[in-house]
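Chain naming follows the written order as A, B and C, and within any one chain the residues start at number 1.
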Amino acid sequence: MTKSRDPSALPAGKEGIMERQFLKGNEAVAEAAILAGCRFFAGYPITPQNEIPEYMSRRMPAAGGVFLQGESETASVCMVYGAASVGTLAMTSSSGPGISLKAEGISTLAGACLPAVIVNVMRGGPGLGAIQAAQSDYLHATKALGHGGFRVIVLAPSTVQEAIDLTYKAFGLAVQYRNPVMVLMDGWIGSMMEPVTLPEAKEPVTFSYTGWGAKYFNPSGVGVNVVTSCLLEPEYQELLNIRAGEMYEEWKEKEVLAEEYLLEDAEYVIVAYGTAARAARTAIGELRGKGIRAGMIRPISLYPFPVEHLKRLDRSRVKFLLDTEMTLPVQMMDDIRLAVADAIPVHSCGRSGGVILTNEEIVEAVELAIAKEAR
Amino acid sequence: MEKKITVAGFGGQGVMVIGQMLGYASCKAGRNALFLPKYGPEQRGGTANCSVTISDGEIGAPVSRYVDTLIAMNQPSLEKFLGSVRPGGIILLNSSLCRWEGKRTDVRVAEIQADAIALEIGSPKVANIVVIGAYIQLSGALSEQEMLDAIEEKLGKRPELLEMNRKALRTGMERVTLKE
Amino acid sequence: MEKIYERPKSLTDRGLAYCPGCLHGVATRLIAELLDEMDQRTNAVAVLAVGCGTLGMFHFNTDVVVSPHGRTPAVATGAKRAAPGKLVFSYQGDGDLAAIGMAEIMHAANRGENFTVIFINNSTYGMTGGQMAPTTLVGQKATTAPQGRNPAETGYPMKMCEILSQLEAPKYIARFALDCPANILKAKKGIRKAFGMQMAGKGFTFVELLSNCPTNWGMPALECMDWMRENTMKVFPLGVFRDGDE
């Protein structure tokens, strides 16, 4: 009762891991997690991320780790919370509807100051939406991934190689900051295959959980650990919230990641991430071929948002920004406008619901915006 | 050089394998490649299609409005994607299952009797390999050896299987014809 | 000439969206025939779960509500309580009902909600591509159980009729199979009974239908029927577990 084997499947434990391989985004992310030292994964089926749990079900046992399919997303993220509470760095993955259900667990992880990596392979929303790829969860990921006002670092790859690199990095950031980290990948990156080189395998990551979570709250004193996001004492809760706030400020200093593409002379700057940024890259080549000086800022960390990159644009030269996303209405707009304090006009361009945006559409959107600005 | 290809047909015709194999072979040959399957909400055995990009440089847009080549494995796919081929581009037809009706005059049309040839060779399953042969012959995107290396690595090293695939690839290369 | 076959009015004209040979098609049709026969087409509300059953929104020529995954009995509860005169049925897969929706089904049953559950047990997550479901048989392979279900790690198939039979409130609980014409007829009778009891205000009615998934089981439809008889039906015995009419 097996399906014919998918030729894309990476043979587990293959030698010569440094060589170039042709991998599917979802499987590459799963492998990157294992190479980063992740040895606990809990998930639940949902398109377009099914290859992540499926890959983990084959690969984790061989790597000496735990694979679990929970009875729901709520359960699987809480399995991750449980693993983290005893010092194991764990991962879960899902897509929009499932991420909504994980909100409770992610908020709990953040409240208890525990690390974990959450991968969201985005599809069209809201509700059950379309199962085809989209970029519909920017606001959810960057503003409020759950209740209570916590933040997480959100990393958005635009190639399969970058999906590997950012997943690998996410585990380090999670442990460093004792906070969940989200890899926000659109479904196209999850399902596409590209040549990649895998990083070196790290030892399984465990961390001391002594003094964790309840670092500032230890009712009984010695010898026990209380992992909780339930602080009960207002002063303790406030102390943690203030500490968290300081951490978010630190991220803005240290953890911003963005690519600047052909900005030196750019008059029209596209702001795009993930697959939309790839379409934009091609569009920029075509625009430049027509003598239109376009460039791009590509946020890689969506939170912290690359505010400074936008702030330092030459306002006398840049005529407008084009917020380009595969979701409608576009969701980064407020962040972009805030960063440039409305000193540069911001236009938008996008497709949604699982319809892919092409380079041609971006070229047309830039030309349309040029015409509008000329009026 | 950058080539964008759409491969389309019925589920079960090996459409995804064609796309993946072109990707694997390009990757193995040191080029950049991108394979993107299109999936529906379910696996209804209906139509299937995928996009492939092969490039010497960095690959940007995974999907563009126009492609250089359409590989149409059946008639509905031909009709659906006919308009997506850029002027001057190539349409490669599996002429065992579709007919060219001359609906466009600004493209080059090539034909390969993939299913008939596969039967001739002895396995209906290798029709997709025949098509790969036809494509590399037409486009020059990959050499026969580069393709064979990838086929051997991914589709199996069993001598009978390998021989069948080798024959399918070669026959595809030899028998593809460009229409006037 | 006498017309012996007619498309039920409760079905739309559209060709079935399910895979060829999938018994979701049979279940959908049985329900549609009954809605016609019981003259309930314009009074019915189908509450469809997420799963291949969602495709029923293209087929049922009745009012349809699509529920979030697993919450189907809660949505049906809301609909029935707010519109008690309607014939409300939920249409749920095994992933939906026995995994993520376990809490909702248990509590709707325990409250004795007056609607009917149609439970399609195909021992897999069909729509998402064949992952292990709570109903997957021991040893049965799945994309997330590549070596087959190992009870030491993932437990045993959950028998929902038997589990729900532990509750006092439910009025009708039965399991049928869709593997052959004789069993399909029995299933139809069972659904008719459940719908009838609901319309008489009797309370919670639950009909499990053993089904297949040719696509993810990786076998032709006919082979599926044999497989069901040799495997599924041995683990999930057919029968009426509760009949509150008696």
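What we mean here is this: a contact is a pair of C-beta atoms (placed from the backbone, for glycine too) under 8 Å apart; a residue touches a chain by one contact, two chains touch by 3 or more.
Computed from a predicted structure; not experimentally measured.
Taken together, chain B and chain C share the touching chains A. Simply put, of A-C and A-B, more C-beta pairs touch at A-B.
One inter-chain figure worth recording: chain B and chain C are separated by 41 Å, centre to centre, where each centre is the mean of the chain's CA atoms. With centres defined as mean CA coordinates, chain C is found 37 Å away from chain A. Chain centres here are Cα means. That of chain A falls 34 Å from that of chain B. Each of the following residues of chain C touches two or more other chains: 127, 129, 216.
Counting only residues that touch two or more partner chains, chain B has 41.
Multi-chain contact residues, meaning those touching two or more other chains, occur in chain A at positions 47. Put simply, chain A touches chain C in their complex at residues 1-4, 44-47, 50, 53-54, 57-58, 67, 69, 71-73, 97, 127-128.
Those residues of chain B lying in contact with chain A across their complex are 17, 20, 23-24, 26-28, 30, 32-37, 39, 41, 58-66, 154-155.
Considering their complex, residues 7-8, 20-22, 47-48, 131-132, 188, 191-195, 275, 278-283, 285, 356, 358-361 of chain A touch chain B. Those residues of chain C whose C-beta lies close enough to touch chain A in the complex are 50, 54, 66, 68-70, 95, 99-100, 102, 125, 127-132, 134, 140-141, 143-146, 154, 216-219.
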